[in-house]
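Letters A, B and C mark the chains as written, and numbering starts fresh at 1 in each.
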Amino acid sequence: MTLNRYIFRRLIEIGISFFIILTALFLLFHLAPGDPVARMVDPGMTAEDELRLIAQLGLDQPLWHRYLKFVSNFFSGNFGISFHYGQPVSQIIANRLPNTILLFTTAVILSALAGVWLGKIVAWLKGRPMDTAVTIGALVCHTLFLPWIALLIIWLLGYQWGWFPITGMISPEVWIAPGTSMLAKAIDVLHHMVLPMLTLFLIHFGSYLLIMRSSMLDTLAEDYIYTARAKGLPERMIRDRHAAPNAALPVVTSVGLSLAFSINGGALTEKVFSWPGIGRELVFAVSNNDYPLALGCFLLIAAVVLLANLVVDVLYAFLDPRIRY
Amino acid sequence: MAKYQTTMHRPRPPIDTSDLVKPSDLPESYWQSAFMDNWGVLSRHTIGRIGLALLTLFALMAIGSFIPPLIDPIYNPMSGVDPNISYASAPSWKHWLGTDFIGRDIFSQLLAGARIAFMVGISAAFISIFLGTAIGIVAGYAGRWTETVLMRMADIVMVMPTLLVLLIMSALFGQLNIWTIVLLIALFRWPGVSRVIRAQTLTLKHRPFIEAAKITGASHLRIIVHHLLPNVLPLALLYMTFRVTSAIVIEAALAFLGFGDPGTVSWGMMLQWVWKTGHMFQAPWWLLPPGICISLLTLAFYMLGRALEEVLDPRLRREDPEE
Amino acid sequence: MDCLLEIKNLTISYRTGGGHTTTAVDDVSLTLSKGESLGLVGESGSGKSTIGAAIMGLLPRNAEIVSGEILFNGENLLQTDAEALRQLRWKQISMIFQSAMNALNPIQRVGNQIVEAIRVHEPETSPAQALERVEMLYHQMGIPVERLRHFPHQYSGGMRQRAIIAMALACNPQLIIADEPTTALDVIVQDQILKTILALQKKLSLGIIFISHDIAVIADMCHHVGVMYAGQIVEIGSSEEVFATPGHPYTQALLDAHIILSDDGKAPRAIVDHSIDTAEVERGCRFAPRCPLVKSKCRETAPQWLKRSEKHWIRCPMAPAGSPEK
């Protein structure tokens, strides 16, 4: 089927999935032990505010009504008011989301590219010392415990050598000072981004390399590689134009499959480095019993993961002509 | 007549069948023959041997975790307080890895952590494999609506980041008990297994021995349990090794963030303490061991998994006859 | 007529896992002149594909050339260094493969794959010139030119085979090795492809080595034929002679197993189905276990070559002399 119909069908599937998740969460929040009202409305508010909010969220209605209100609120972007910040949850999320996307997407893309590139080189050298060394290195990276390596990186590069700032996304002094150019601000953000990105990069790079390497080794047994050799093509060309593009396809799929796990890592990284993203906000919200914020963050992350899966699927369909044509 | 040949005609080296698993249609003998034939290959496999060695080391640690408190109550990982030391201290003869911020022995905490890791890892893996295999077989065998619904469910669950789900659960239900954590992890990790098992069931569904069983009037349940299950189990076990590592890591991450079971000492919990009490920069003997342990244990199970994979799939073994 | 290809006493074995070796090709010799075609016929495992791969230098890593020479225009290919061999591939000797699903790179446009072959071996050619040549080839092969922009999975089996042939001709080689090129195709398409190859051979004076298990195809296509069994050539000669007066029992068996429409209703005699275990029979004739004419001395001593005529050689002492069968 054509690309457009494929995207359309996937969007519908995502919609259904998300709806199910939404419903499941609603049921959880309203049926778990405890007072559901106290979960959505800060008991510390004034009585009238509280009543108004209760009406707005439909909490005084029977379950079925509440559900409909919940869904319609979600789609109109109303997630309630955060207990901790006292602001609408949607505002907080809108504030944090770009930071997460910046960090996470860059890390994943860079590590995927690096993993694919090195993976193809190393697979071609199978058995040689370089291959063994790099594969072992990738294996070690793949099995590292993320928070621990984050702490180590902070200790070594941030504390001992003082090259990079340890926490946060920006240095307030830089941003507040009058007359700082956009470029200086951008560089400041990048400076802060190095350590968290290095952490995410290390963990993912190992996995992607291993997958690419194993995919390449499978590809080498294919008929068209025999054809390419028979055609008298130089080895480099066979590797880069025939083997690698075919071998990279399963890597794309596995990036998609491991997205959920990657998001876990993203949240952990944000927490350790105090990077102001959605992941960190979720962890905060849970520690503070800030239910509206926690719910909002989680739903948004779920939506992002689903969409990211779609992006990966579309990318795959785009790259593999057998699907497109 | 097939219009398209699936593989090109070119010289392929003849296959050496001397140490292949001999396929058997009788479920009973599959186990024995698979085990006997493959043990030889497994024990020759370098990576598998290293993995097994590491695992043995950690198993010994886990078993050894019962010893220190028996020697002296001050070595109890949770409640053991040294009357002379009530702060974080460096390694010494009395405390091989030093003490944590309230004077508890770090080494015995490390041993206890091994025990918790095995417990969490194996239980969660076992439950998720059990669920995943059951769902996978039923989906593959039943087909049509049942299959679609079950696989859709699997898709949705698979998309959820397990750690974050556990966080939400923690918000709703308060501090989670270690067994609740294990159960929740298992509940969200079964989809991966179920897909593979379903695929395997689909290929087995039309094999002659299943047809024969149907003709002789075997009930669906009997077919599933007696015929499909034994042939699907090796694959399930293989996936169990991968599930163990993810379970351990998720529990550690949860504990690290401070949402673990406060009554258990896991490696993640140790990392949380060293981080939160600000000793990160000064106490490498406290910071390094738990992280190394988590990583090494993950590595060990991964190696074991890879070795098992090659053993169960003879195709991989034959790839390089020059070995 | 000068000799295009000459193989002398070629022996190739494979190292399989566990330290065993199997001999895939045993003391094979043959010659081919320019503009002629030689068919290698035999069942799977007889070693015919191995010879084809050996000529191109494409043997798998665990193959070992025990002895022998492969002379191409006088030059021993087995002694040529890797880089020179690479340049020789496709430019002088090319291959027509079976049109398997993945014989061509599935994610690259077919036209580009052929252009690639041209530009690697003739780098002075500009992309436009190369494309023009490919268009001409497609024209010759009867494939619509728009198909150049398509991917392999969009081609039908026959069309893909034609594209593979076009690709094999792209650099104007002197020798083509055709390895089961029509096996996967239905009979009508097979016929068309074979006619095309025949026409091309006449026009371009190509040398062709045609590898197949289908004796009918070889009979149609080739000037000479070599019958292979268990790594050895058991009969070799011109097609007319071999098919009219087959000498070796195996050749006779192959012919008998083949149904001809003009037959007088005689039932085909099936060859007893044994797979060849080349490791098993070291002394004596390899065909002895399945031979209808076997005598005790066949199992003892290896059979010698018997010359029937100038070009026709048989490797069997039991062969009945001269008269045409049937």
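Descriptive notes on the structure:
Rule of thumb we're sticking to: a contact is a pair of C-beta atoms (placed from the backbone, for glycine too) under 8 Å apart; a residue touches a chain by one contact, two chains touch by 3 or more.
These figures come from a predicted structure and were not determined experimentally.
The chain with its CA mean position farthest from that of chain C is A. Summarising the inter-chain contacts, the pair of chains with the most C-beta pairs in contact is A-B.
In whole angstrom, the spacing between the mean C-alpha positions of chain B and chain C is 51. Centre to centre, using the average C-alpha position, chain A and chain B are separated by 24 Å. Centres computed as Cα averages put chain A at a distance of 54 Å from chain C. Within chain C, the positions touching two or more other chains are listed as 58, 97, 100-103.
Counting partner chains per residue, chain B shows two or more touched chains at residues 7-8, 10.
In chain A, the residues that touch at least two other chains are 223, 226-227. Partner chain C is touched in their complex by these residues of chain B: 1-16, 18-19, 317-318, 321-323.
Considering their complex, residues 222-224, 226-234, 237, 241-242, 245-246, 249, 319-322, 325 of chain A touch chain C. Put simply, chain C touches chain B in their complex at residues 14-18, 20, 22, 24, 45, 49-50, 52-53, 58-63, 97-103, 157, 179-180, 183-186. Chain A meets chain B in the complex at residues 17, 20-21, 25, 28-29, 32-34, 127, 139-140, 142-149, 151-152, 154-155, 159, 217, 221, 223, 226-227, 257, 259-261, 263-264, 267-268, 271-272, 279, 282-283, 285-287, 289, 291, 294-295, 298, 301-302, 305-306, 309. Chain C meets chain A in the complex at residues 56, 58, 86-91, 94-95, 97, 100-108, 116-117, 120-121, 150-151, 153-154, 167.
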